[in-house]
């Protein structure tokens, strides 16, 4: 399916197991709607996803696709039947302001075939909150750990459990935060072994990676 | 076990499933040797690992621990019985100069309990080499994709398969490469969904993450 | 021709073969209109070009110069008879959001005396789309390859053909994209030999360079 | 006292309570020795300090001033009677490689009139080590917290106690550590309130600040 | 006390002596109001503080909590009885435009239990103004020195007195100021010993650190 | 004269020969007006200057001080009798968009006691324009050379004459211009000997420096 | 041809018209020799090229392949019969220190099938040298313009002729040159239309691009 | 005079009043010697200058040109009769380590026809030293102010006198000094009006600019 402004990659599900996703930033509401429609037609039995919706795109899609599921905090829409979930991803966020990124990650995890469990506001300056939350993430198949400012949370969590862990730096902060650079560099230099990192505010990318881990383990384990 | 210059974290294996690893850079050969010895004593039935060995440390350890396994390219030593492997990680490197990072990743994968399969010199300027190599990595449980310069290889590989993929930028290059920054930024901005990234030249970190994925899947699958 | 705010370089066509171009950013609509008018008067038989038009300048010029050709996506205007084209430039863009830069490049190519052939939305995460498009660019005299995010497309295309290739990084992306820096550095470090680069979003500069190549070859070849 | 290459600020002790300190980097051994001698002559009853000694300066001073106290790890020399100490500064370091910076801080604290208590190798990836060490720093008058890589330790310590805390980023790390930049930015963006920061590897500056706090409190408290 | 978007750290006062503070940026007025209310309920006899209020949050809180004290320049609110003050912090600002940061620092100092004395507009290009102001800060227990542009004021003040000094870089300036980077780097590289630094525009952090020093000294001294 | 938000440095004229100047950015129109009034009262026989006026400040001052001279392009106001000029400064700008910076420089030159001669739109891509303009600047006492983008003009002019030359980088450009960084670095690395540089867009600073040179030479020469 | 450390891309000549080139940096002399040998065997009638030779590799190859042509300044070796040249590339360098980059570019141009004409030491601070040299490059089919420091030369040359122009920034300079960044940014922001840029010190890449232009035009023109 | 590796600009003295200067970095001792010889031959009655001599070049020139004047600290050589001096430049350095840059500046000032007066080690942390030195620079015709670290000295000096002032940032410092970047940014953002800046460690450039000012004023004044 080809427009003069876009060429959808409809073979992607065959190659990678998951259909293409619509990145909503920099597209008009009509473009997002058209691409969602085309993807749904090509994959009628698997939910398709769009992210980074503008408020305008949110409204246009809500009106045009009443059966789609929109999330205003995550700025996402899923359209079509969700896949049966396998495995669990714990989505852990350091602060209140990291909420939208955590929401995007959780929606993505679910759309890519795993369960998402959210844990909120467990910053490292109150270390007891992390220790208390440990039982809630110690049995997950994968972790997504989200933090802005100094981005220290993945190092602490990564020292408590040996579960595959994806760190997401956010742009929350000011001044020498430089739009998320401080958290990004902090996570890339984590002293906890095995911490991997995605782009600033990229809840989606973390969700895809973690869901693929969780669903592979969960499917083999029959859960 | 505590020295006045170090406090080993001997509980780590209990918390995370894997013992602490000795990071050899900035330590004297004697310090590395002492820490290896302490770790081995605490974990006699599980290989312990040291990375980033200087040539001097390599020689001291080879002489002092003849039963240890040293790898001069990877700059690593493993000491003690390797764990039984589960699952497979494909370690894919773009160019010849990325070899040491790939070797470090492969040694780490094995020491953390998975099998490593290496694929060498498949840069994106010869795209057919990647397509030809696809069967060799299409059944892996996790991928490590290593590249310097523009760091484009993970985007191409990540569009061919849906396996969890860790990208490792290397410092290979010159000028506006800025010590690996170009590959790092390229990988963080990959258009392939789900690509996650570690620090520049950090084959070890990628190996830990990928091995944890592969051994979890492999163990559930009984392979 | 000299205003107290500008001194047009009317000798430029004599020196370089092409008249000066009006860079519309940071100029008032009236300034752009005046400069276009002066240039047209000095070069009545060769189209003159203005780029980076603001919406206000677009409207002022459309009203004042009804015989001019405006392109709202490219944000350009050409005024006067286009030169006879020689040779062909393929303008290849990685994603939908790179459209305006591709349009600016194509308009410039035509205004500088070559033909432009556009190929759209062939990102490296769907490598088959590039391979399928190869016949459409394999006979061009020069290539313009446009991409944001990790900017990997020129490396792949530059490994498929030996045609002179100009890479254009775009500011499409977010976070560690740093306004196009990731694509810029990626392209400067391309492992494909002979890739040259222009400023971020500079479709115009790529168009000038590529058109000069194509028209020189095409003119000698009599096409 | 004035040389043609230096003008010592001998009034500084009168203005600020502490004599000038010799910064050894970029000076010849003879220059360091001369300045130490001049300072000692001006302040015979208060130890004077030189930092960042080269190995050559260390040897020259050891030979010339046998009654001086040299520390090869801290790269410092103190010369003259140490002031009576008041108050206590806990000097907490995340890893083995941060040792020289911690040693410089501790020597400085003592030379500026407070006691230094060192706590070693309590990185955030083994959070229990920090919690176990808490009683050793909970009664200090000021804290110096030293870490490289992601620089997360001050955030965790700063959430456990309300003591004035100075964070020292170190250049320990590699790749996207950028010579200590990651730890510096992490500490500047700490989510623990009241964390203040000095230059990378600047154990001296942290020592001066913390000693001034501790000795003021200690002196008032009669300890 | 736990909301689905926030988990207040109500144990913090017990651990560190001071309750958690609400950082208003990136929160809705209602969220700020709710958190203030919860904190006040948990700490009825100690003022709680919120910073970085948006104008909207300012108005909502002024209407809902008429007994709270709002400061429009500092963008703060304190709610509940202020602690009895001990010790004094001098808050010194280089220029008029640094006023809001100085106000935030002063409000914080008072809310954390010390007195704040403000000194305004004593930039280094008029050095006599600093020398004349010396008596006003020479007896303080701690100093906060605030400057934008080249950030030189802490070096001059730090050479005049030996009081613990916290430097605050501000984003005041333009061009190669890079949003406060010039002042931040200047302060981190201060040639005056013992200068410590907080994030750009972080009057709050400086206030917490300085108040903890002043109140410790003041309490011991019985003032 | 002291306000609670500002302390004017009224001794500056005695120390440096020129009164303080009001930097309008970040001040309210009323603050600018008050400071202008105070400065004028202290220096009734020498024009005082304010720069970086907002449009609002421009209107308030135009209404309140009808005898003041406002320049909407330069965003300046001078108030009081201009000093008798000595010597001449040539103000040379590369492009039309550099006009506001050139205007600010010219107004400052005149207010600081020298004559300003403006030369416009002589970019290096039309080198003949610079050669033709040489006679207009070859007899000046000082040069101000203004350029954005690559900032090459000072190198060319500085190779044509031996007059003291101040280069002003401007923020004109886009993409890898990084807000004027490219021009700033270009000018700092100029291969023409003796080129000195001010902050990005700082026409004022260049004007002060150049006027002081020109008026010293001109006064001695009796012109 | 495949080694365990390298996989040569022997199809490249078929795809792009030119065989793979050996990048000597980071390879042992023996690896370079082996790859040269393999490439020559696969392309016996077309010279193969290696660049960035270390002095050790230079000596090993000189001894092993006496019929190869080595250039110690360019740090290159060509091995096998050079292709018949078509068209001409002028290689213009700003300063003496840019010599090695210019030499690498010239060797590459010749090995890729065009003629190279070198013009030396025509920096912009002596503009007459460029104007005098104009006849020597005005008839070339492509230009390579090499400069360090502020990198202004391409802007001047690009305003004198309309020939396709590749700019090469070099790392010549110090301080705020930042290893060639100033020249790189200057060239990317050139005000001359159509200037394209390669990586810092990348004479090879410029040579490939320019040779492909020149040989295409020259071949059509029968010269 | 033209070598195949260099083209001396022998017309420069006619255009700018001063002959070309040999920049010694990156040149062989023999190249420096040859260029000095050529320049001296072209300008027998005016001293020629070479800077940034390596120790090897120093020795070669000392042996070959015994009548030349070498300065080992400044790393310079002057060859031929010095011009009669006019006017005076005060060269003020903040610290001992800034000595080589100050020496280069002073030698250049003298070679370009003015007198140099040096003032040493007057850092801003001992402000009284600057105030005491004021009489020594208050009558100079131009000032060169040299500082590393935070680079604050020009702001203080520039507030004390109204003499044209050139600031030279040096690379003295460590950590967040980033090779002189902190001092460079500090000086570019100086709050003292009229401060102009040269590249890091560029004593030569400052010397040229300041000498041209001083000799112009001094010549007119007949001193």
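The first chain written gets the first letter, and so on, giving A, B, C, D, E, F, G and H; residue counts start at 1 in each chain.
Note that in this section contacts are C-beta pairs under 8 Å (C-beta built on N, C-alpha and C of every residue); 3 or more make two chains touch, one makes a residue touch a chain.
The UniProt protein names, listed by chain, are A, B, C, D, E, F, G, H = Nickel pincer cofactor biosynthesis protein LarB.
Just so it is clear, the structure is predicted and the values come from calculations on it, not from any experiment.
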{"item": "From chain G, the most remote chain by mean C-alpha position", "value": "E"}
{"item": "Inter-copy rotation, chain B to chain H, in degrees (Cα atoms; steps of 5)", "value": "180"}
{"item": "Chain pair repeating B-G, as identified from A-D, B-D or F-H when over half of the contact pairs by residue number coincide", "value": "B-D"}
{"item": "Centroid spacing, where centroids are CA-atom means, of chain E and chain G in whole angstrom", "value": "57"}
{"item": "Length of the line joining the C-alpha centres of chain F and chain G, rounded to whole Å", "value": "43"}
{"item": "Sequence positions of chain H contacting 2 or more other chains", "value": "12, 123, 125-126, 158-160, 175-177, 181, 184, 188-189, 193, 199"}
{"item": "Pairs of chains, among all present, that meet the touch criterion", "value": "A-B, A-C, A-D, A-E, B-C, B-D, B-G, C-F, C-G, D-E, D-H, E-F, E-H, F-G, F-H, G-H"}
{"item": "In the complex with chain E, residue positions of chain D that touch it", "value": "9, 12, 15-18, 21, 141, 159-166, 184, 188-189, 193-199, 204-206, 208-209, 212-213, 216-217, 220-221"}
{"item": "For the chain H and chain G complex, residues of the former touching the latter", "value": "4-7, 9, 11-12, 25-27, 31, 171, 179-181, 184, 199-202"}
{"item": "Chain B to chain C touching residues, read off their complex", "value": "94-95, 123-127, 130-131, 149-152, 155-156, 158-160, 173, 175-178, 181-183, 185-193"}
{"item": "Of all residues in chain E, those that touch chain F in their complex", "value": "96-97, 99, 120-123, 125-126, 128-129, 172, 174-177"}
